[in-house]
Amino acid sequence: MPTKSPRTDPAIRRTRWSTALTCIEPNKILVRGYALDELMGRVSFGDAIYLLLTGDLPTPSISRLVDAMLVSFIDHGATPPSTLAARNAATTGTSVRGAVAAGVVAFGRHYGGDILACRQRLDEGLAIVRSGEPMTAAAQEIVRRLVGAGEIPPPGFGHRYHTIDPRATRLLQIAHELEIDHRYTPFIRTLEHALSRHPALEERSLPVNVDGAVAAVCGDLGLPPEVADALLLVSRIPGLAAHVLEEQNREPPMRAIDPLAHDYDGPTGRKLGGRWK
Amino acid sequence: MPTKSPRTDPAIRRTRWSTALTCIEPNKILVRGYALDELMGRVSFGDAIYLLLTGDLPTPSISRLVDAMLVSFIDHGATPPSTLAARNAATTGTSVRGAVAAGVVAFGRHYGGDILACRQRLDEGLAIVRSGEPMTAAAQEIVRRLVGAGEIPPPGFGHRYHTIDPRATRLLQIAHELEIDHRYTPFIRTLEHALSRHPALEERSLPVNVDGAVAAVCGDLGLPPEVADALLLVSRIPGLAAHVLEEQNREPPMRAIDPLAHDYDGPTGRKLGGRWK
Amino acid sequence: MPTKSPRTDPAIRRTRWSTALTCIEPNKILVRGYALDELMGRVSFGDAIYLLLTGDLPTPSISRLVDAMLVSFIDHGATPPSTLAARNAATTGTSVRGAVAAGVVAFGRHYGGDILACRQRLDEGLAIVRSGEPMTAAAQEIVRRLVGAGEIPPPGFGHRYHTIDPRATRLLQIAHELEIDHRYTPFIRTLEHALSRHPALEERSLPVNVDGAVAAVCGDLGLPPEVADALLLVSRIPGLAAHVLEEQNREPPMRAIDPLAHDYDGPTGRKLGGRWK
Amino acid sequence: MPTKSPRTDPAIRRTRWSTALTCIEPNKILVRGYALDELMGRVSFGDAIYLLLTGDLPTPSISRLVDAMLVSFIDHGATPPSTLAARNAATTGTSVRGAVAAGVVAFGRHYGGDILACRQRLDEGLAIVRSGEPMTAAAQEIVRRLVGAGEIPPPGFGHRYHTIDPRATRLLQIAHELEIDHRYTPFIRTLEHALSRHPALEERSLPVNVDGAVAAVCGDLGLPPEVADALLLVSRIPGLAAHVLEEQNREPPMRAIDPLAHDYDGPTGRKLGGRWK
């Protein structure tokens, strides 16, 4: 005999709710107001991602910058723990989805978290600038806070492998070329300079890394921090999926995956030609 | 006192291994042989995904078709259980990554699995064609097998909401325009016709759906089934992330999410203009 | 030709590491120093969990209290979003593991997070007591802080369904019977009393809930907050697994799971007899 | 203006559904018909797990056997890829839940999957026995099938580390002592003997491992295969959680986790005394 269910508790009411993302009706799908079948073949995947996350299609400049960001983070080889989590899952013969999910949950405070943390420091610095201080003074104040809080290397600066992160250099250069470098990108360069001059950090090389560049560029694009964070997650999934497929196609099951004993045996020295030059 | 560790078991050896995806050296990142910073700003995210998963950059036609596929699956509103799993996770206040992961593991045999299952039936049918049978005969044989196995609706045909899936129509049309419709796409149309003529299925409308169209197009692109499957997973992540962000920005925490009591309150009737016409 | 791998970067060194949990040698498994095959058949699963997480086997009283906690949280029906995330995953036909994982990531700040948040407030209050204040004064101060921070209902108090949480009452009663009620459990009762007397909260019923009771009991057991949190996660897995199995055995695939339209149709009114009386 | 939502499609109906697991009413929680607060302090966590998954409380013998199974699988050190997936997630600073989820999805065909695969072969063999053949003949037939299918080592036999799996020996011994060794456990021993006599396998040692022992014991307990599988998943969560906590408490973040370079530095040689003798 069925008993009274929780719905009889008036505290738990059935509530209609709304979504502004995608409208589904029979034979009709609207994404942010555009017919999905009209978007197909006309807008790029990057543009559709931007549309879905922000509500509007990007201008050509923003489109190019967003694609550059998504490409910059698409993979970082077999070294990140996230990729190793996905490969360790894959070696057990779990599904591709299962193994990708293991990689998705393996983004944490120390990996991927720097975009949010860096954005916050940039926002603090730009608040000081808005209060009337020059950028250099604001940057020096942020460096003082970072050193005081023991946040060295600061989020968005320095890298385990790279002394100069080629992705950061390129992303900031593209933002500059496209004239999407209003406040955040100049400020992060000022901050980088202030870090290099701080007496306690003289010995260290702490250039802007890809997380810092993404934080700054997303700031200048006016994206809320959590959208920047979501973009990053979206951008790494192809890398996770590719590692899972390679693990399952190329390696024996249940192997002990040594994170330091791997080589790259793919092609090298390829150059973009034709339509990409 | 540390004891002997498993490595002393000769069965567990340290083995060097290789990856052909991405080469990481100090200040240098090669994706499938191309410098990542050269790819940035030049190739689209869709092209970079194709490069990473297949090893080569796409031709312009393939690029446009792959982007159309990725866009076609980017979101399907709040109706899929995968999206509801992500929203149920999000309402607890878990991290965006955690909630997206809940959506990723909520792809199963009955949701997302049809691409692999449909591809297998298409491969069976095309094997019959290669043995000398005409396409219509091969399609009739596949329909017999589907009916015999009780696989009605067959994987890749019919839809819970749509009598004509607008994404499937458009994707097959783009493949046709780009002349990437060698064998799989004509065969899936032949199969659709044979289904409509089968006496036991006369009453039912079983047109090709987006899973079927993706299975056929990936077949004509020469992509292995598991790469098609990975593309699909990649393409839905932005949708999952957008629902998670909307849930956390717009709804109260710990709400009971009624999957049938939601409305769309975003814009409608927007038209692509400018560079997208 | 393999290229130089990251290991050549001197910053990334191979480092031996240690674990104090389980020793694996050929034909021998020690858990926290005990032979696993000796533990089997002698210690209960609850005792083994305590051993693994804390390093020692529990006394009989602690054993009984830990088991009571684990049992208290084993399931809360189909109402929690975590359980609904797992069921939404299960309806897609994903693996049992995949669906359970969807439930695991669906614990967040608003669900399951109260144990840590409540523990922190209890620790604050007991710090005031240690500084010489009587318990009632310390409790009043904590209520002031909670009201000031807008944390109403406070973590560990009140419940969406229950005006008196039967699990909390029973858990605190068992702790009292076993004389494991040194400081945290009396203090949480004092805090409950202070809440009921606060003018701004007169109208509300905010009794200790199961999260609060677990937080207090774990405090009196001397368990670090993160171990309490891990115990909770462990204890709910059977519930998640049972819902996933029920969903897949009993319901049609790809159903729209209405969180408010379910009834209980199992047995009612069963009484513990025999050895459990 | 809200548009028509999917509910207007008559194919998607709101359907009441039922659960027989747990009844939630204000101030009352029944698990399988028993008041949860009565279960607390009276039944062990293992008994509550059995109740939730099967519908009934176990007899004392079954209780002891189920606890022995749950304990047997509680941890296997840092060697399983599942544990390494969880540790790789943990080193990024993700939440304990996120890292445990990475371990949960890292159970696959090659890890944890043997219980289901072994059970199927045992069921095949016992079907032959029921048709009138003696056990030895049935076992020889199953060995022929395993060798023919290339399933060597067969699921449930042999181990990467252990030549004799101490957990299997002990579990089968407990089942024998408790007289829960009706058909599956004698048959798996007969199968082990048949394997050792097969000419193609003379050189190999393929004793029953813990997966095989669990498959057989669950068979004799009358548990459906998917419940056996769920029990296994439940039993390993404490191990995953303990490794995640140890990783985050003891190791630096973002370390490269070498799966072969670890030692055990916990206690050794502890003996059960007192009430556990």
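The first chain written gets the first letter, and so on, giving A, B, C and D; residue counts start at 1 in each chain.
Following the convention adopted for this analysis, a contact is a pair of C-beta atoms (placed from the backbone, for glycine too) under 8 Å apart; a residue touches a chain by one contact, two chains touch by 3 or more.
As the structure is a prediction and not an experimental result, all values here were calculated from the model.
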Reaching chain D from chain C through chains that touch each other, fewest steps: 1
Interface numbering overlap (same over half, different under half) for chain B and chain C: same
Maximum centroid distance from chain C, chain identifier (CA atoms): B
Angle of rotation relating chain A to chain C [CA atoms, steps of 5 degrees]: 180
Where chain A and chain C are represented by their mean Cα positions, the distance between them in whole Å: 32
Euclidean distance of C-alpha centroids - chain A vs chain D, Å: 38
Between chain A and chain B, centroid-to-centroid distance (C-alpha), Å: 22
In chain D, residues with contacts to at least two other chains: 2-3, 6, 9, 12, 14, 18, 23-26, 77, 79, 94-95, 97-98, 101, 105, 107, 112, 160-161, 256-258, 260-265, 268
For the chain C and chain A complex, residues of the former touching the latter: 1-3, 5-7, 9, 11-12, 14, 77, 79, 94-95, 97-98, 101, 105, 160-161, 260-265, 268
Contact footprint of chain D on chain A as seen in their complex: 2-4, 6, 9, 18, 23-26, 79, 81-82, 84-86, 88-89, 91-95, 98-99, 101-102, 105-113, 160, 253-254, 256-260
Complex contact set, residues of chain C against chain D: 12, 14-46, 48-49, 52-53, 55, 57, 60, 64, 67-68, 70-72, 74-79, 96-98, 100-101, 104-105, 107, 112, 161-167, 169-171, 174, 226-227, 229-230, 233-235, 237-239, 241-246, 248, 250-251, 255-258, 261-272, 275-277
